[in-house]
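Okay, so chain A shows up in both of these, paired with chain B first and chain C after.
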Partner chain A sequence: MPSKYTGLLFFAALCAAGLCGCARKQAAESGAKKIGLVFDVGGRGDKSFNDSAYNGMERARKELGIEYSYIEPGEGADKESALRQLASGREGLIFGTGFLFTDDINIVSADFPDKMFACVDYAVNPAKPIAPNVVALKFREQEGSFLVGAIAGLTTKTNVVGFVGGMDIPLIHKFELGYAAGVKAVNPQCKVIVGYAGVTGEAFKNPAKGKAIAFSQIDQGADIIFHASGSTGLGVFEAARERNIKAIGVDSDQYSEAPGYILTSMIKKVDVGLYETVKSWLAGTLKGGVTELGLARDGVGYVYDENNKDLISPETIKKVESLKRKIISGEIKVPSVKENR
Partner chain B sequence: MSARAKTALLQLAASAAAVALAFLTGALIMLLVGVNPLAVYSALFEGVLLNPYGLAQIIFKSTPLMLTGLSVAFAFRAGLFNIGAEGQMIMGGCCCALAGFSLKGLPWLIHAPLCIIAAMAGGMLWAALPGYLKAKRGAHEVITTIMMNFIAAALTNYFVMARFHEPETVHTASIMPSAFLPRLAALSSFFKGSPANAAFFIGLAACALAGWLLWKTALGYEIRAVGLSPDAAAVSGISVARKTMSAFLIAGALAGLASVNFVMGYKHYFEEDFTGGAGFMGIAVALVGQNNPAGVLAAALLFGALSHGTLVINALVPKDIVLILQALLIIFVITFDGIARRYAAANFGEKA
Partner chain C sequence: MSLDGIFSLALLSQTVRISVPYVLAALGATISETGGVVNIALEGLILTGAFCAVLGSHYSGNPWVGVMAAMTGGIFVSLIHAVVCIRFRANQIISGLAINILAAGATKFFLKLIFHSSSNSSRVAGLPHWSFFGLDRAPVIGAIVSDSLILAAALLVFASYCLIYKTPFGLRLRAVGEHPECAETLGVSVYFMRCAGVMLCGVLAALAGAWLAFDQHQFSADMSGGRGYIALTAMIFGKWNPLWAALAAALFGLAEAFQIQLQTVGVSVPTQFIQMIPYVLTVVLLAGVIGKSRAPAADGKPYPGEE
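And then the complex of A and B:
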């Protein structure tokens, strides 16, 4: 039974490797402040949420001189253990990217009271107070969605637009409500059709379902569809391409997913959120609790560049910019919570 | 020196060579992508073995692997390939959580054992169908168990999540505290912060029990006889169909039991993907462990250490490198083990 020894030998080899490496590692350490980041299931290269988080850290490294390390736990991995791993190291501020980290951050932050934790899209539970060392990093997605809704309302020819959500949860309702309000603000006659892909995490990675919902909305007359549904949205883009309508991307600029068919994208600047958090942490002003980034702090926005400038009229942009100013000044209040649910 | 001692020494050397070569090859790949292998290996060492949390993580991560490994090994002793440990573990976890949150007001002494039984029953149920199809209809268990894995994942995903999930999460409600397994942290501050829990002892007990069942009881003897030669077993009056069924049910119960570590000991709920692939990893654990309970235990500890090591060095190298290192280690260990055994058989006349 050689395997009896395999474990032992593995340990021995580890020891040897460790002894060789220790000296080198000490030398490599510098005085820079260190930050840890745990990616969501998608990991780097998702062209969206996780990549944006990575860009934010890279910017902080270059401009603020911090060091950072990250963990990509992958499918079904142990998020709590990953957070703990970073927290027990030299890292002083640890990020979890995604609402699925909420429970894990609550547990780990209690065991490391002298470290700061920040959770992107933290799901706030009104019954539970947020720990003093936890930053709930929220985005006012409803504000960015309002603006792309206004673009849709001004651009539609059929006076019917669609919305495809991923998982039916309050976080995604913010996109839906902001979008619908934006449409109605500029075009009260326009109808908004709403569909959700499901109630589980699966709803964010089901392109076939996204395509089916988009088709049914197109059949009901929709000529512009906004999605907030992760990779389910790729199905929406596919439907837009096949039936020659326009789609609106989410989280990052999704133009390249279906060039010519993406009217604009509602961008959520996770990189800005991370960068700002790091900055205030370095300044010593970072406090636990909810931090919300909206249009005012450049946390959300929409895409208008070389790629889509022929799809949106200059008058539309003018109107949208004035709406943006009104939201920032507080003149327009964008709804974000569904009633009676 | 006796032939036995020589064989043991040879195998020790073979394992050492395998591990060293795997690390060396891994180091070459790291150099190719511009990562300092010494920094990575030293972090691995510090994070896994020099720190109490790392050691506790080995215990925690190895517990389900031990049980799924046993599940695969047990079926293998009856000549069956149980590729379905993953699905059996999922169903076990689902039943365990259902029993955990729907039964209320029971004392721990009744509730916790009930949940453990529910976990075993769930796994058993999921193994019963492929077992029956194999025993009575001759349907190949590799295909049927793989298909049952898909069904288990989709069914629990749909049914549990649609009906029992907590809003804004992908998991069920929490089980009652009366069904929690105590954490090792409650025993000693050494384990502080670690999710290692009493399920580890369940795993150890299962290893001992499986060994006893296979080699000390009539049922075990008959199961092994069927595994070695179904025809010979049938001639000597053993019902092959019945033993096939028994082996599958026991394998299913063991795989179902693997879910207890997560559901009763760690998060206290059922979650999509909670297995972390432990069911599939169990196949590798059984293979490296030579389908032998003591070997499975050792292999599970090794894989547990690797699994935690993956996380430790993930901060330093891309995820892909870690996966490559893990696969290299398995390949080298299995290969060198084979060489050593052949050499021993040829030169010392020792059957290992």
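And then the complex of A and C:
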């Protein structure tokens, strides 16, 4: 009976797929200090967050001589068990990339008090203290967003700019508020249109919706749109191409996604965060608690290079650089928390 | 802020663009369920269609090859559903769910394999714009009336209606969906008709995916974004009738466009509330106004049933 075999084959294929899904990539054993890393959904090759984390680890491996192993959990996979697997090995410092790891790290870190854990974008709960072996690695996205907002405010011709957020959550509000404040700081007349793609995680992976929101903003006159919305933003770039306006990328330099249409990108240097954390861990100075990387510690920034130097005027850059110095010195305070609406 | 800031040609254009995948997938589901096979695999079919469309266009440089590839992919994946549900009489919901999960994983796997990214593919050629009587130069709506897949979707709505209600094929399809035993005694092959229904659904849902992909000129992981489930709702809302299902799909599109527009003009209504509108409408309308929405009698029941 063919039916028997098809069923069996199917099952075997599924099992094989399951096994591959969670395989742990192991570096060769030696005496070097070991670090573990669990990627966020998407894993390597996401051209953003995870790739940046990977670059940070690679740099640490080359420059600091550490070894590391990493796990790429699939969609809906058990992040906690991935962390646990690394923590029970030789790894002394374990990274979780993404705010989704917050709860898992809280649980696992309690079971391995002699290991250090670091969580990128850790969501701090004011009612709950952070464990002494947990480093909450946070970025002042609002500061980088402020600068790209200033670039947008100085570059816009229509005096209308847009912002497209992914999921409507406090983390993304930081981008929105920083951006709006940056626009207003240099161009008080400029209008900022804000749109969010949704209220669930899907909102970060819906390019068609991103394009629709961008179209709607362009119809209202927006000629520059900043997005903080994962792959939803690819739709924003597509809209920028079609209607010939400019878009601003996020997290990493997104110029290559739509060459000529990306004014700049707000970069979040997850690699720097990871590298610095590894460095202080090796020096024995790493302590639990919140570590915030802003403009001051080169944790965030904007892109100005060969690709986009024709799109931004030198005067704009001069102005933005002076704003940057003011933020670092504390002269300008960038808002990051939304008032009750 | 004035009302004409909200109700405008731009809103219409947005509604059409947002509705296209809903309409196509809802038509597919309607045809499949008319034949008595529940197809919640829409989400997976849309993803498959989107990915195959990009793949076809990427390798050939011709978007029409992409459309063909999408339809082939849709047929192939719905073949799995057909074999599992019709030949082996498995639970249709489980099979559909399995296909959704399989498609989400498989497209990501091949995305990484072929395009070396877990996020998105490289850029491919999109479908050319057609010009009828210079309509494509009309402001705002020009982009819609010149888009080949949007026009195709509009045609397919009527084609599906005619197929189900005006052809011998449609009569047989409805027969196997309502009373397969009866159809069988009259010499209609239940297997064949149901398979055909599922395949057609695969083609239509894959076209929905192709539209998404060509609108973005690329594939990105999970780009279907739950549209398959909304299409299913539209089908139920439309009482398993292609015309009504398409209308319901357009209504969901309108609600989404409306919600985007409200955000853009800065009306301070919580987005969650506006996003609720279509679902609330569905519940309210189904509960009373339009009367009972009745599925085909043998919908979801394997044939032959338990002896």
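Operating definition for what follows: the second predicted complex is superposed on the first by the 312 of 341 C-alpha atoms of A that agree within 3 Å, B and C clash if a C-alpha of one lies under 4 Å from a C-alpha of the other, contacts with A are read in each partner's own complex, and residues count from 1 in each chain.
In the analysis below, contacts are C-beta pairs under 8 Å (C-beta built on N, C-alpha and C of every residue); 3 or more make two chains touch, one makes a residue touch a chain.
The shown structure was predicted, so the numbers you read here are calculated from the model rather than taken from an experiment.
J.: Quick one: is A:S69 in contact with chain B, with chain C, with both, or with neither? Answer first, second, both or neither.
T.: first
J.: Who does A:L171 touch here: chain B (first), chain C (second), both, or neither?
T.: First partner only, chain B.
J.: Is A:G43 contacted by the first partner chain B, the second partner chain C, both or neither?
T.: In the superposition, A:G43 contacts both chain B and chain C.
J.: Given the superposition on chain A, which partner contacts more residues in chain A: chain B or chain C?
T.: B
J.: First (chain B), second (chain C), both or neither: which does A:V199 touch?
T.: Both: A:V199 reaches chain B and chain C.
J.: Tell me the contact category for A:S216 with respect to chain B and chain C: first, second, both or neither.
T.: Second partner only.
J.: One more residue to check, A:A208. First (chain B), second (chain C), both or neither?
T.: second
J.: Answer with first, second, both or neither: which of chain B and chain C does A:D78 touch in the superposed model?
T.: Only chain B; A:D78 stays clear of chain C.
J.: Quick check on the superposed pair: does A:A123 touch chain B, chain C, both, or neither? Answer first, second, both or neither.
T.: After superposing on A, A:A123 lies in contact with chain B but is clear of chain C.
J.: Is A:D111 contacted by the first partner chain B, the second partner chain C, both or neither?
T.: First partner only.
J.: Does any part of chain A touch chain B in one structure and chain C in the other, and if so which residues?
T.: 3, 17, 43, 74-75, 199, 202
J.: Where on chain A does chain B make contact in their complex?
T.: It is residues 1-7, 9-15, 17-22, 24-25, 28, 36, 43, 69-78, 80-82, 84-86, 88-89, 99-100, 103, 111, 123, 169-171, 199-202 of chain A that touch chain B.
J.: Any idea which chain B residues touch chain A in the complex?
T.: 11-12, 14-16, 18-20, 23, 36, 38-51, 53, 57, 157-158, 161-162, 165, 167-170, 192-193, 195, 272-277, 288-290, 292, 294-295, 298-299, 301-302, 305, 308, 311-312, 314-316, 318-319, 329, 333, 337, 340-341, 352
J.: Spell out the residues on chain A that touch chain C in their complex, using ranges where they run on.
T.: Interface residues on chain A, with respect to chain C: 3, 17, 42-48, 50, 74-75, 168, 193-196, 198-199, 202, 205-209, 211-213, 215-217, 219-220, 231, 234-235, 238, 341.
J.: Can you name the residues of chain C that touch chain A in the complex?
T.: 5, 8, 10, 13-14, 17-18, 21, 88, 104-105, 108, 112, 116-120, 212, 215-218, 220-223, 225-226, 256-257, 260-261, 263-266, 268, 270-272, 275
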